[in-house]
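Comments concern the structure below.
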Amino acid sequence: MSTPAPRKTDIGPPHYEQFLPEVIKKNYGKWKYHERPKPGVLLHVGHSGDKLWSVRAASARLMSIETLRLLADIADEFCDGHLRFTSRNNVEFLVVDESKVDPLIERLNKEGYPVGGTGPGITNIVHTQGWIHCHSAASDASGVVKSVMDELFPYYDGSKTLPAKLRIAFACCLNMCGAVHCSDIAILGVHRRAPVIKHDQLRGQCEIPSTVSACPTGAIRPTTVDGRETVEVIEEQCMFCANCYTVCPAMTLNDPVNDGLSIWVGGKVSNARSEPMFSKLAIPFLPNNPPRWPETVAAVKNIVEVYAKDARNYERVGEWIERIGWPKFFEMTEIEFTKYHIDDFKHAGETYKRSLHFRQK
Amino acid sequence: MAEKLRATPLLDELEKGPWPSFVTEMKKSAAKNPMANDQLGILEHSYRDKIGHWKHGGLVGVMGYGGGVIGRYSDLPEEYPECAEFHTIRVNQPAGWFYTSDVLRKLCDVWEKHGSGLTNMHGSTGDIILLGAKTEALEPVFSDLTEMGFDLGGSGSDVRTPSCCCGESRCEWACYDTMKFTHELTQHFQDELHRPAFPYKFKFKMAGCPNDCVASVARSDMSIIGTWRDNIQIDQKEVAAYVKNGLDIDADVTSRCPTGCIKWDGKALQIDNTNCVKCMHCINTMPKGLAPGKDRGATILLGAKAPIIGGALLASVLVPFYDMEDAEDIYELAEEIWDVWGEHGMNRERVGEFIQRIGLGNFLEQIGLEPEPEMVMHPRTNPYIFFELDEEG
Amino acid sequence: MAEKLRATPLLDELEKGPWPSFVTEMKKSAAKNPMANDQLGILEHSYRDKIGHWKHGGLVGVMGYGGGVIGRYSDLPEEYPECAEFHTIRVNQPAGWFYTSDVLRKLCDVWEKHGSGLTNMHGSTGDIILLGAKTEALEPVFSDLTEMGFDLGGSGSDVRTPSCCCGESRCEWACYDTMKFTHELTQHFQDELHRPAFPYKFKFKMAGCPNDCVASVARSDMSIIGTWRDNIQIDQKEVAAYVKNGLDIDADVTSRCPTGCIKWDGKALQIDNTNCVKCMHCINTMPKGLAPGKDRGATILLGAKAPIIGGALLASVLVPFYDMEDAEDIYELAEEIWDVWGEHGMNRERVGEFIQRIGLGNFLEQIGLEPEPEMVMHPRTNPYIFFELDEEG
Amino acid sequence: MSTPAPRKTDIGPPHYEQFLPEVIKKNYGKWKYHERPKPGVLLHVGHSGDKLWSVRAASARLMSIETLRLLADIADEFCDGHLRFTSRNNVEFLVVDESKVDPLIERLNKEGYPVGGTGPGITNIVHTQGWIHCHSAASDASGVVKSVMDELFPYYDGSKTLPAKLRIAFACCLNMCGAVHCSDIAILGVHRRAPVIKHDQLRGQCEIPSTVSACPTGAIRPTTVDGRETVEVIEEQCMFCANCYTVCPAMTLNDPVNDGLSIWVGGKVSNARSEPMFSKLAIPFLPNNPPRWPETVAAVKNIVEVYAKDARNYERVGEWIERIGWPKFFEMTEIEFTKYHIDDFKHAGETYKRSLHFRQK
């Protein structure tokens, strides 16, 4: 019986340096410029003259270790085992030998991890857990993302381009782990039914005062059911935020009929040209229709295509809409404008139009 | 051991099409791993009845840590017993998400041994996500991970796993060394990362330039974005070459400058740098011709978050220009902020909401910074000034 | 009767300088009128001790009216007995503030007979202000005024005296007849103007075009601003003449168009009218060359106000385009609004605040208008939608 | 003894038409264009070819009937008795005979009602009652206006011009009857001391619940003094809005030492070029210094002069500041930026800078 090794804690992540290829160590902080020689490939050139080709491949983000091992093997074959992941969950192979670029691309395409996602077009969708792992999800994440990316694939692999980068994000509930609040196009899972209260569970797992105070609209109040203390929800005051559910698992919002997806447009985070902007509501509700969510896919595609046709070079979706005006956006996309589009939350008044600066019809 | 795959007629539809299929990924694992196979089954179940089958997680984790594991139990334990416990382990990624094939394989080995074989590369915050472990596996995974040099990331009301763009490692525009800073910051705040002691979560994200490739301005409580103070570097010959090669410099560059401070006279580019707001657009369009200035540093912004529960926030300017040579001072600044927020913040109140509640002016006073006009879009429009009482006129 | 003027060493300083002096005005009246003389004294007193000497008014007014008089008492009745009571009478001005010398003199005669001899031409809302009357004088003033065809304006929680720019009477840009509309509206709502029955005041202001020379968008609960739907009328010859005479048309006109929809090619002006947002700038700069289109009407906006107590508001779009030929329908729209606001509005809650509180979407539903994207700057950014319960998916 | 005439009510204002000169009746709705032949004079030309000269003269707004009679006489002499007032309280004489324009101007100047206020410059200041008539006033109105206009007079009579119209407004308290919330430059009276409560008066004149609920910050609470019910104010929570005073006269805010003026800039109401904008805080406090308020006059003049030097043609103050940025505005005007400038009211967060779009110093 061997004695156990002393328990290591708080060691933090491994130092990145050990994973960097030589060319990066040498040119670290001394890159001069980059080019995009072909879709999915970035060429970075150092002041030293050194060159690095980054070949970007698609990923489902949800990956089996089988796949990770495959990627490791490919990296060994083409680039000394050096690869990285991007902030949008693509895989980048870091190649120093130009002659390996095309064979690498071919191999990746063959294995089903197609190359693309650079330049003005659509890259991987930032997304969340959905029915794979989260208790809060109003929809699945991976399935919607896969369905949308299949349809928009030509904008990923470079066979079609767009006026500018178009960033899509997905979040399966209002917590917005996919940070959809600042995306060119965002898909967001929404509940539309007030919490159904599991009174038995509530008694065991929740504090009544903290459940009551979790509700931002004051829709929850203490009550007694069958002579025992619990809470009730005034349905008209519920805006389906699920904050009560986060605090108390007995306040369940999931609902097979009323859950679904909403579509948001015009957000961005870069400072390029315009300041960062929030996404704004385009479509309040589309049904959950697994396995391929055709309504959602069609809605996103429609917006992409209208944008592709009408926007100028380097004009992100939000910049394009600001130029043409929201009325025109709704007209061109044939999306209905409803009372749900009009903000009625805390700073709602700040979104009302307070001038005559609009196009007359 | 080979598994008989769960029948997944609905999910099978998602193996079609050009985009990599997560269903294929799940089947790869499911073929070898009973936990992954039941997970496949439960997802098909969700696709059938259009509802998730996960319950609130309990308090699970590793000894001495308050975060890093998300507990998860299914509500169909009888039907899918192998994934009845299906916890997630958040593993702190190396800065910049660089790996070698070696280290990747080692990670896979650990996960093959103890878990479902499914991962997310990576989670939205930046962690390596190991998806699906039983409670009993948590300590062993942790011990194997630390053995190979990895540690857990954040969850709960702690510092969350900091992340950054690749910065100087692979980008000519980085105005400071995001990866070095991120690594050192993460090491410095190990205790804060592993032992939740704040009113709510606190995220750091580091971007090397105003393009903000890590979306820090939207997704981090403290966002540190590289910028510069002096003149944009111009290589006029390269600029001219872009034009010659077909760039419509008026339509695509100069007319798109937010302050109109850049002009092309047919021969040379002129930039009125005093009016440049560091948006990056002109540089983005001509990477060979233009580059950020040489007097580089970062703007520190505070308070971004998702909408729960007062509405989403973008981060707002806290330090207009910070010389990243003294990067260590940022630790002190962060601690100052945590002290004030920790003392006066309410439970589940992010720092951005806290600042809005107490007012940016008061917040600055409390952390000892001077107000500057760069911190606001414009001065107040309402006349409701809390004049201080000792200021007798 | 000649008065010995109160000594006013401080105020005397304000008789110097090129701008007309209100002190001189006060002395003109004070020389003949003891009330005005005491008012001069009390103002000097204020200048000396840097504080006002007026108290809250009581309920004074004329029989059967709830508004039109602002009661005012001084807090130094012993020292300045003649202005111990110093009420203001608000007299409804003729639309557009046009007078003849005759009618002005008649007004002066009434005011000489009953009051201090001091006036404001005009008050901020638009009324003729007769400044300083004793309680006993109110009925006689009223009777003399109505005799010569004038009536009181509004005060308190009623319709306030509507006012308008000179519009078609003296301006080539008026898109509807502001003076006619204002006069008829005022006549139509006499009861609402004289007998406060709302949660708070309600102001109408009418401007003939988007230049808004009566500041309606900032100062009226209902703001009716002229606009057009078709093409700007262009006289190319006159445009060319402006350019020839030195107008820098690129710097001063085309580059200042908010949507960039107007271009000058050296010879002719081209306007992409579908992108014109009716800002008036190009027309303002070349009144001989350009004019609003021919398909004219107005935009109706709602809810402007000063800051008490939730912060100031600009008005927001309620009806993007209204054909002012059916101007009468606006009465009904106003009544619809008053019904909803009257029933659900809180005491001292202006209609703009009320709309913010209940939400513009709900408000539209209650007054029976369809939501239109022209009503918002942009759709909501937060996900907190009150989906309606009967809408089962 | 004559019988009294029946009491007339609700007759409304007299019909404007009876006061219009013939040339207006004839060209009503048929004006073609206008010119500004000289400072203070507008020439309107009808499609008919008819011409109307409007000669605009200054007024203190506060006018004695003696002056009104004088103006009537002048109108009789030069324009058949036709005159009007403007939305900014100037007087306009409506002249059809061109030869009378110059003599009229001469006469008005002589009488002390100088001509000007048209075109790009400064016109009359919209203002309020101040110590002349209002119980709420934190300062006098007329005195400040007179002092400022004396100093800025060259911008009124046309001897100096500005890049664009510059509209000044004055209000003597936060009620803002002068609608200073949307002016190029605004002067606003402010209190800075929490209400002093006159307990005796309160008992007679005020309801305690409505006084308590009048306070937007909840600074007022019921209490007892000398065994009788009254209210108290938590001073740290008071933002000096005076809403309590409007509701209850016993809550007095006027204070000889702490009352004074604040300066606001960059508002506008026209839709020309930019949308209407609110005024923003420039200087939180300047002392009440009658009879000529030199600090306030100097502050306004400084802003006007910096603007005059730096702004472009047709650029209103707010448009100019938006172009150069607020940091530059504070730098150029040498006004100190303080914590008071940072909004901390309801929508404060909406005013924080949420991007890197600013000039680095």
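Labels A, B, C and D are assigned to the chains in the order they are written; within every chain, residues are numbered from 1.
Everything that follows uses one rule, which is that a residue touches a chain if its C-beta (ideal position, glycine included) is under 8 Å from a C-beta of that chain, and two chains touch if they have at least 3 such contacts.
Keep in mind the model is a prediction, meaning the values are calculated, not measured.
A count of C-beta contacts for the chain pairs B-D and C-D puts C-D on top.
Between A-C and the choices B-D, A-B or C-D, the pair with more than half the same contact pairs by residue number is B-D.
For this pair, chain B with chain D, the centres built from the Cα atoms lie 49 Å apart. One simple way to say how far apart two chains are is to compare their mean CA positions; for chain A and chain B this gives 12 Å. For the pair chain B and chain C, the distance between mean C-alpha positions equals 51 Å. Counting partner chains per residue, chain C shows two or more touched chains at residues 210, 217, 258, 277-279, 307, 311-312, 314, 381-384. Among the residues of chain A, those touching two or more other chains are numbered 174, 176, 181, 241, 257, 271, 276, 278, 345-347, 354-357. On chain B, the positions that touch chain C within their shared complex are 307, 311-312, 381-384. Those residues of chain D that touch chain B in the shared complex are 174, 176, 181, 188, 190, 192, 194, 235-236, 238-241, 257-258, 260, 262, 266, 278-282, 284-285, 287, 323-327, 329-330, 337-346, 348-349, 351-361. On the chain B side of its complex with chain D, the touching residues are 210, 217, 225, 227-229, 258-259, 274-279, 299, 301, 313-317, 320-321, 352, 355-356, 359-362, 364-365, 371-387, 389, 391-393. Residues 10-11, 13-14, 16-26, 28-29, 32, 36, 39, 43, 46-47, 49-57, 63-65, 70, 72, 86, 88, 92-105, 107-108, 111-112, 117-122, 124, 131-132, 143, 146-147, 149-151, 163, 165-166, 168-172, 174, 177, 179, 183, 186-187, 190-191, 194, 210-219, 248, 251-252, 256-258, 277-281, 284-285, 287-288, 291, 306-312, 314 of chain C are the ones touching chain D in the complex. Chain D contributes residues 271, 275-276, 347, 350, 354-357 to its touches with chain A in the complex.
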